[in-house]
Every structure is written in C-alpha cells, then in structure tokens.
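Presented below is the structure to which this report refers.
All chains are identified by letter, namely A, B, C and D, in their written order; residue positions are counted from 1 within each chain.
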Amino acid sequence: MVLLNVEDYRREARRRLPRFVFDYLDGGSEDEVALTENRAAFDRMKLTPRPLTDVSIRDQSVEWFGQRLSLPLILAPTGLNGLFCRNGDIALAKAAARLRIPFVLSTASNNSIEEVASAADGDRWFQLYVMHRGFADQLVDRALAAGFGHLVLTVDVPVSGKRDRDERNGFVMPFRLRPKTLADMVLHPRWLWQVGRHGAPAMGNMLTAGADPNTQAALLSRKMDASFNWDDLKRLRDRWTRRLLIKGIMHPDDAARAVSLGVDAVVVSNHGGRQLDAAAAPISILPDFNRVGAPLVLDSGIRRGSDVVKAVSLGATAVMIGRAALYGLAVGGEEGVVDVVRLLQAEIDRTQALLGLPRLDAQGQAA
Amino acid sequence: MVLLNVEDYRREARRRLPRFVFDYLDGGSEDEVALTENRAAFDRMKLTPRPLTDVSIRDQSVEWFGQRLSLPLILAPTGLNGLFCRNGDIALAKAAARLRIPFVLSTASNNSIEEVASAADGDRWFQLYVMHRGFADQLVDRALAAGFGHLVLTVDVPVSGKRDRDERNGFVMPFRLRPKTLADMVLHPRWLWQVGRHGAPAMGNMLTAGADPNTQAALLSRKMDASFNWDDLKRLRDRWTRRLLIKGIMHPDDAARAVSLGVDAVVVSNHGGRQLDAAAAPISILPDFNRVGAPLVLDSGIRRGSDVVKAVSLGATAVMIGRAALYGLAVGGEEGVVDVVRLLQAEIDRTQALLGLPRLDAQGQAA
Amino acid sequence: MVLLNVEDYRREARRRLPRFVFDYLDGGSEDEVALTENRAAFDRMKLTPRPLTDVSIRDQSVEWFGQRLSLPLILAPTGLNGLFCRNGDIALAKAAARLRIPFVLSTASNNSIEEVASAADGDRWFQLYVMHRGFADQLVDRALAAGFGHLVLTVDVPVSGKRDRDERNGFVMPFRLRPKTLADMVLHPRWLWQVGRHGAPAMGNMLTAGADPNTQAALLSRKMDASFNWDDLKRLRDRWTRRLLIKGIMHPDDAARAVSLGVDAVVVSNHGGRQLDAAAAPISILPDFNRVGAPLVLDSGIRRGSDVVKAVSLGATAVMIGRAALYGLAVGGEEGVVDVVRLLQAEIDRTQALLGLPRLDAQGQAA
Amino acid sequence: MVLLNVEDYRREARRRLPRFVFDYLDGGSEDEVALTENRAAFDRMKLTPRPLTDVSIRDQSVEWFGQRLSLPLILAPTGLNGLFCRNGDIALAKAAARLRIPFVLSTASNNSIEEVASAADGDRWFQLYVMHRGFADQLVDRALAAGFGHLVLTVDVPVSGKRDRDERNGFVMPFRLRPKTLADMVLHPRWLWQVGRHGAPAMGNMLTAGADPNTQAALLSRKMDASFNWDDLKRLRDRWTRRLLIKGIMHPDDAARAVSLGVDAVVVSNHGGRQLDAAAAPISILPDFNRVGAPLVLDSGIRRGSDVVKAVSLGATAVMIGRAALYGLAVGGEEGVVDVVRLLQAEIDRTQALLGLPRLDAQGQAA
C-alpha cells in the first residue's frame, strides 16, 4: 500500500502492531470524546487563501529562541517507544537530527538519557515526569550533563488518564502475559521478531543507580507525585539552567503564571486526548493564549500539514506531533519517522503555497 | 468480560436480563430524544484542568445538611428493583450503607419500607408518589416511623411517560404473560432462577393494611393523583418533619417557589428521559438554578465520574444515579452496586486529580 | 404488530401499500432536506414542565372562531386519498366528524364535494387549487352550496414540487402502467383487492359539467394557474362569504398582507416538505408570525402529540396533519384515521399532564 | 435508469468511467472536508417563498456586461475533458453554444484553442493557467486571435491541491500504466472503445510551436509559476483587451484589489474542494463580497437548481458548474451536457415559481 498521509501510516501501523500495542498508541481516555474532538476542531477551522502572492520560494522554518527550526514541528515526548520499534527512542532522535527538528525524550523512554545522547546528535530535549522528587532531580542533572537543550515539564499527569482500551487488553501494570495477548503477538510475526522477542523493553532511565523498583513501577503505571505544585516548579526552574517548557496547560492564567515564574514557553495540550476526556481541543482555545507573552507550542490532534498552519496562524510558534511520528516509527523505524515528517512538511509547504504564505513565521497572515 | 465502566455494566446487564426487563430499565419515553440528549449534553460540556495544584490527597466527600456524604452520589429512587435482583431494594440499601451514601427507597419498591428499615442501616430516604392522598399520608407516617431521614417528593409523574418499548414488549399493566415474554425469560435461565421463578415481585409497600388493590394497580401503571399541587405540597411539608426534597423540577421559578414553601433541596431531573421526551437535559439548564438558595441535586444521564464533577462544577451538591446503579444490581446484586459506585468514585477521584481539584465541594473551581 | 405511534402506522402503511403509492404519500421533493428538517426542528425544540399544577382534568379543546374544536387538529387537504383507501375522502370526512375536528377536502380529491357533503356530517372545509379561474369559481360556488364552512386557499403550488421519488416510480402524468408498477401492485394483494381493482380513482370534482379534460390533467400533474396573485385573492375573498384561510405562507409580511385583505387565518406550512426543498421548517419560523393578528395554523412535520403542544406553545391555534392521518387511512380506513387521531390526542393529553397545562388554549404557558 | 437530477448523472458516470477517471473527476483534496462542506453549506441555506406573485412567465436570463445569458450558468474551465468523452472540450463548447451560455476552455484542455474556435460557435471564454509566462502570453494572444470573449485567470493553483484519491489510483504524472489501472479500463469496455483506445488525450494547447515538453509536463502535474503575483496581473490586464475575470478569490479584499486593477468580474471559488481542503464553502462567504463593485460568479458545489437561486439571491450574477456538466459529458457527450443544463434550468425555473420570483436578476428578492 502506498502511504500518502498520516492516516495511511496509522492504518499500516495497525496492521503491523499487535492490537494491545496499537491500542496503547492510538487510544484515548474513557469514551475518547477529547480524541475525537481534537480532530473535529481542526476540521471545523477554515483558512483563507490570499492568492497572487509570490510563493515560488517557501520557507517552513521558524525561529525558536534564536535558533532556526527547519519546520515548526517537535517530536513530542512519548513513553514506551521501544514497543513500536527496537531502540525506538534512538530512532526518533536520529530522525529528528536528520530533519533538524527537536526531539523530546520522555522520562518513560526505553533508551536512557545517556544512550540517546551518545547515539544521536541534534536538538535533544528532555521531558520530565515527577514520580519522586529525588529521582527527578537526578534526571534533571543527568539531562543537563548529557547536553539536553530544553526541559519539558509535563504537568497534566498527576495521575494517569483512564485508558479503557489498555485495561481491556490487559496492558496494565503489573503486566501479566495472557493467552489472548500471546495470540495477538504471534499473529504479528514481524513485530514479534523485531521487537517482541527481546522481551518487554526496560525503562531506560531507571536502570542506573538511584532508581528503585518502586519508582520504575510508578512510571510504568504513570503513578506520579501528585503533590507537585507551583512551588516545586519554582525549584525546578532554579535547578534547570536552560530553556524550560511546561506542557499540558489549558488555561491562559496558568500559562501566564508559569511565564512569570521563568518558564520560557508553554505547550497547550490535552495530552492527545489521553488524560482528561472532558478537556477541550487545544486548537479551539489557543487564541485565548495570545497575551501570555511567551512562545506557544500546540500539541494534540495534528494529522495534516494544514493543521500545523492552522496552529501557527492562531499564534503557535510550533506544534508537537506524537502519534503521527509513532505511526511512522512503527511502520519504518527511523526512516518511517523521517517519511512522516517529510510528508507533513510537503503538506505544510503546499498549504503555504495555496494560502499565499511564503514564510510560516509571518504569523497572523493566514487567519 | 472485564467491567471497566458503567457502559460495560450496561452491556452485561443486557446480556443477563430478559429483553422486556432490560428495556424497562434502559429505555426512555417516545423517541428517546431526551435520553439521547442527556448524554450528549454531558459530552459537549468541557472542563478545564488547573495543574500544578497539590492533588496528592483527594476528597470526594461533600457536606449535606451538616452530615458528610462520602461522595456526592445518591442512589435514585427506582421502582421494581426486584425485577433486576431478588430483594433488590434491600441490596441497594445495603450497598448504599456500605458506601456511606444515601439510598432512596421508591414508593414503587418491591421491598417495603419496614423490610428495608430492618434489613439495612445507613442513610435511608423515602421517595413519595401520590396515587391517593390518604395512602400517601400513611406512607409518610410509615417512613417517619421507620426512621427514613429525608423524603423525596417526585413531581414529574402526574401521569406516566409514554414508554413505547414497554408497550411493545407487553410490559404493561395488567401484566399478561405472552409466549414471546415466556421465551424471553427461558432464554435467560440465570435470571429465571434467581428472580423469575419467584413470580412477579409484589409492590412491597402495598401489602400492608390500607393499601387497596386499586392503589396498587395505580402504582404499577404509574397512575398518580394528577391533582396534587402546590397546596398539597404545603400540607406535605407540614406532615413530614424532616428534610424534604422535591424531584423533577426543570424551571428555576418552581425551584424557588418550592424553597419558599420550606422544601430543603431541589432535584433537577427529567426522570432519566423517561417522562417528557421534549424535556431539556438537566445538566444544560443547571446554571439557571444557582440563585435558588437551596442545595441542588442533579439527576439524569450520569455515566462517568466526570459527569458528577461537571454537575458539581455547575452548582450541584450531589447527583442521583439510577440506571448506573441498577446495571450493577442486575449484574451482581449488592456487590455489583458497590462495584459500580466505587468505579464512579475512582473516576471522580481521577478527574479531580486531572483538574487540580483536591476537594469536590470547593464548587465553581472546575468550571 | 401493535401500533403505538404514528411511526408504527407509517411502517404498517409501507407494508400494505404498493411502493409507488407509499412513496407518493411519504416522500418529499428533491433531496428531502425540508422533509428531514421538519422533524429535526421539532426534536430540537424543548418544553419545560411546570409540575405541581392540578392536571387531573385536562382539556384538548381550543376555540376556533367561536366554535370549539375537540382538539387542535385539522385533517389537512391531501389529494388522491382514494389511492390509500377506497372512498378515502369520505372515510376521512367521517372520521373527522366522529372526532369533532375539521376535515379539509382537497380540490384534488377523489370523492367530489357533493359526495362528501352527502356522506359525512361534521365540520367540512374545502381546499382550493386554482388551475383555471372559471373552474375555480365553480368549485367555490359548489363548496358554498354544499355547506362547506371554510375555504383553504393553497398558495404554495404555483407549480408542483419536484418529486424525484414519484418520477423514479413512474408515478407521473400521464400515468402509464409499467411492468414494475404492475408487479408492485400484485405484491400487495390486499391493496389490489380493496383499492386497485377499481382502477385509478377519478378526480371527483372534475366529473361534473364544466370540468374539461385539460383542467383534470392539470390537476393531476399539479399544473396550476401560476398567474394567481394578490388581486385574485381579493376577488376570491369577495366571492367566498365564509371563513377564508390561506395555506403555504412562510413570510410574516405575506401573512399580514393576507389578513389586511380579509383572510381570516393563516396556515404556516412548507407543504410537508413536498414543494420547495430549500424551505425552512415551519415550526422554526412560527414565532415570527405572532404579530400577524389572526389565528395561526401550523402544518408540516407533526408526528407526536408533543409536536402539537410545541406548535400551540409558539402561538398556533391548531395544527394540520396530513401524512399522519393518511398512514391511518391506509392501515385501517376510517377507523385507522380515528385511531391515529386518538393516539395523538392521548399523546397531547399526556404531554399536557407532564407540562402542567390543563388547558391547551392558555397559550404561551408551555414555552 | 432514468436520470432525474445531477446526482443520477453522477451515479451513471461512476458506472461508466474507469475508477481512476471517475475519482479524478469526482474527488477533492486531502480529506475532502471542503468538498463535503460545499454541499452542506447549500443544504443549510434556506429560501423563503413569497407566493401570490404572478409567476406564469418566468425568465432565467441574466444580464452579463450588456449581453443576455439564457440562464445564469457558465460551464467552468476543467482540464482533461477528453478523458470523459472523445473531444470533450468541443462537446462542451457545442453544448454551451446550443444552450446560449458561456463555455470556458481550460488551459489544460485536450482540444486546442483553435480547434474549439473552429468547431463551435457561441460565447467562448478562455481560462489561463500560468506555468511559464512566455507561453502564457502566447496563449493569451492565441485566445484573442481565436475570438475568445473573456479571459478567466485562475489564481488558486500556485501548486496543485493534494489529491490523495488520484495518488492512490496512480493517476499522477508521469503516468505509468499499472495492472490495476489496466483492469479498471478493461472493466469499462464502452469507455475503452469510445475514449481509451485513442490513448491518453494530448494537451491540445501544447501541441503548437512554442510549447516545450517541460511546460506540457508542468501543466499535466499542475506545476504552475508560483511567482505570479499582483504585478503580473497588471501586465495581463494590459495584454488582454477584453473582459477579464479572476477565479479562486476567497477574501473580499482580494476581490476589491483585483477590481481596482481593472478586473471585470470575480469568481468566488474554492476550486470545487480540489485545492485547499481547509477552505470555506464559497456560498457561505459570498455575502462578504457584496461591496466589491463588480459582478460576482459563484463556483463550487452547485448540484441543484435551487443552489443557483441561492447564489443569485446572495448577490452572484451567475454560477459556474464543473462536475455537474462533466457527469453529463461522461454519460452522453454533448447531449448529456445539454440534458444536465436543461435539467438544472428546469429546477431553477421551478424554484423561481415556488419563490414567487419571475425574474432571476431581480436580486435580493429571494433572500
């Protein structure tokens, strides 16, 4: 099958991955109202072409704190990437480096901070989950030491969203192999050979000294330190000396407060519809964030290049893609990720041409 | 099948109950427009997470006239509970006592006021239908004598809603066993053994002296005293010396008038879409009731913990669940009810965490 | 099958009638956007119950120019009633007389003005189509002579709507029997015996002197005198000395103009979605007509008793039912019509009880 | 099958054409959101009948720069018409001449400017794509020389829209015959005999001197000169001495700017949903263009006569039809086009009668 768009990669990933893995990747929380609305909100939004502009040269690059991203895309932090592809985190990091876009390594990665740092160049960021403050401090120090450029603090997972699909598939911690899951794996021999035979991928960042089994289990079941609060953010801001992003903000007042505490940029996100199922679609509330006074990143629901342009036209400097990149990872590893991003870039480029928008960072023009 | 949410319990109940019983439980009136809208209105409503709040300790309890409910749930009054489970009313009452939430015994219960009072502890309330004023007075006196704490007067059943599903299944009074119904029962042997073989469950409250056959028949076919009016409410207010709730109010002026007559709390409800099919969804009109000056209870459509939080965030002190609890009752009796409520509590708890809402009764914060 | 609501009668009529006859009865014009919207607009509209009103005595009667209709229903003028039931017009007239509601005989009836006048008592009205002014004048005089009490001038058929279903079924003038139509009839032997074997029902009003074949053909294909205008209305007003209604008005200015010319009442109608497919649903525009200063009748889309109450609550004195009555006619002749109307009356009655609305003509109270 | 409306012609075209040809004709870009919305926007729009107007004589003609179009329809410029019918452009031109409406020959036509000029009379217009400015100048000069009356500059194709259906069918440049495509052709023998056996139709306008292979390839893959801008428009305005239209405008400011530069009329269009999938439906934004001060043409989504009346009622002087005419072309060649347009004319005529609108160019009356 020829893969023409992200949905094609999604379908191909569904064919290749065991059901419980695909559902983990693809699903949302509870009734998947937020997941559905994330797409519907993009589809409702319209863009106005302004033709008769010279669009023979088009530029997708955007400025990001003095540096230039080749396009306004960031590979979102996603956990358990090793389930979709052996050494999935490294594959994503390498793809991002080739594409000259940032890659955000998740706390719940399978490859460790240090592994990724040594295996891939490029603009590496680290995403922080706080299960235990002491361990979080260690992670921060390790990410600093390993040269990660930005820290992305995820704040919308004080507890895990309720993923009924995962529960139904038995994909919960502690993981116990059930006959149905075994059959699921056996029916996907390619995945079994490439990924499954190596066993459950370890939580890479937990294998070093200082990571006790409890913390690892907490991470696997997304049991976070739910007491983490604004004061902790201040302390984190002091500890992390480079750019700090906060991810999972849905109220402009929270964005402003974070910025006032020294946060450099805000990721408006409903976690891809995987946490609060009653959350609004980030794209539908993005205009409320335009007075925050810091760069905005839009996360959740991006499947087409035009979605990226919509986000940028409403004030985002860049967007994060999670599932879109992971479909590519599941289909073709590093190459698959590169293919998906290039496909999105081509769609962005075409959308710019159709809108009369030679440069993406001339914001507001597309609205 | 693992039962992860209320919808799972609904499906399992459908599998276990004869069709005519399930339809009676699950159906609404006429074209089920209200039934559908009750859910759609919840799904349209969005909640805004406020992260970076310490949510390590979360509390679902709410204050209710000086006492503390362990969570803002009340088991709604529902008739014919004996159809779903032998001694269903007692099972519900016991479950509620274990859960430390109120249970409302229906006038149309199969277990009598006195049976329930002696079988179950906890916070028992009594719901009043007025078919005949003299008999209603007796019921009120019996409920007082039996120690029921609140009286819930249902005002939205001057006549029964038109339940076309029940009519089609022949589940109407006087009940006559048809071959199709018999086959329906035989195909559900577990139900037949546990419930059906005992015959049609009697109207428990009618079996005592003072209940003539006409009143019993009127209750079964929901033939109420349609002349019951505001003056009668005053008299009832005088007779019932404890807390009085009024259920089935959809206009804020009626709520205010009831409160001015001494009613203690108002249940905004469209009777789960079982009465007026042209009624609005209670959750969509709840904000209009915020100036009523009495505690509000929201009834109709609750299927997820987030629905409870939505109702509370719009001003309800608590919600009633009817069908949700009955699906549990049909699946597992008392244990099934406890399971469903605990499941809802877990969903509420998780929603609070995701919203940054440690306490539920800090109303308005979630909106 | 037990027939519980109008939709049940519709299904039963579909079973009994040849396809081309059912489609003629049931269909709308073009893409049936108006037909669908007629129902959707009713379903969107909500009513607010006002309980604690004494509704033990409920009255569906309304005042209509000094007389009392037993309920706010009028049997709409419909053509070719002889296709659904032998002597269908007479059956409808007799049913209406028994029900004490008006029946409107169509110009395109199969039984003539005089036949209906001699066969049925009750409140008979006559509906006028103007194919040819001279013949129209004769019809008016005949209706006066035969004691018809009101004249209903239909103004929304200057040409016929485009009924693609009828075209596809070959049910167009001049009618030619096709093998498919023949098979359609043979597969409905009851209809064939009761209706079809008598041949195509004649246009009853055309059989008298003065009706030339051209006029009859024009009527069959709904080829009206498209030049009929406001001046002609004035002349008609002069000729018809009793109550005059105008049917097919969708703009309040037209309603007001008609009233200023002496029209007594206005029927807001989109002809059941059978004429202009781009027309709004009458119920959605009815509030615009409240300053017209004449009684309003709502036509198009009534399928439930609550629809009648909705129309009345928005200012209509009565509603017309077309298809609903004809489903009854097709299923059970005169008895079927009575059954459908009684069913609607019961639904109205129940809706009144649920709304706290003892009398229907206390308008505005239900809104 | 009897063909009653444009949708019938669409279905018949689908039956007759190979899948890859039908998809090219019928499809839109990306997720076909714009394609779907083009129809939905028409269906949502309502028209108000104003009866009691003399509509015995109805006139569909409209004035267009001093001349009279027999109805407000223009055959839109469409490429590759030779795929639907041998010598499709000539067939369209002849049909338009018989119908006394304009036909717009596309730059991407299969019959050349000169062929069409010699084969068909009538009001011929030429549509210009600019792949290469020198060649565009030649086309302009040839169209002038061949007596084409208007030039329509299409501005919404700086690059081609992303047509995933075409990609999936392998219908992309350079075209390579795949087994699946071959099977597709063989399964449509009538098309194969009438069209396919002659081979891929040539780009008629490229066969003359001055057209290098690169330009032809660019045209086939819709690779335009994306640098074409407002200054180029000025130069084109100077070169083309007759009426100039600009097609693909979606912002009123662009329309006004074009008019200020001497453009005579503006075609509001989203290219039938084939370019920017995030574009609004032209009918939904048409009212914004009423102050532009030049005749407006509405393009995209017309399938019913009432759609034409809706566009005219919102201020359009005429509409363009693309797919509607091509379905006719695919089904019956020149006759098929005539049939489709006459069918639309009959629908317009009937809609006028139902609206009380004897003349179409009495704008605003239908709103």
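Keep this in mind: contacts are C-beta pairs under 8 Å (C-beta built on N, C-alpha and C of every residue); 3 or more make two chains touch, one makes a residue touch a chain.
Chains and their UniProt names: A, B, C, D = Mandelate dehydrogenase.
None of the values given here were measured: they were computed from a predicted structure.
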Most distant chain from chain B (Mandelate dehydrogenase), judged by the mean position of its C-alpha atoms: D
Rotational angle, Cα trace of chain A (Mandelate dehydrogenase) fitted to chain B (Mandelate dehydrogenase), multiple of 5°: 90
Distance from chain D (Mandelate dehydrogenase) to chain A (Mandelate dehydrogenase) - Cα centre to Cα centre, in angstrom: 43
Centroid distance [mean C-alpha coordinates] between chain D (Mandelate dehydrogenase) and chain B (Mandelate dehydrogenase), Å: 60
Junction residues of chain A (Mandelate dehydrogenase), two or more chains touched: none
Of all residues in chain D (Mandelate dehydrogenase), those that touch chain A (Mandelate dehydrogenase) in their complex: 30-31, 33, 155-156, 158-162, 164, 167-168, 225-230, 232-233, 248-251, 254, 258, 275-280
Complex contact set, residues of chain A (Mandelate dehydrogenase) against chain D (Mandelate dehydrogenase): 2, 4-5, 43, 45-56, 304, 306, 309-310, 347, 350-351, 353-356
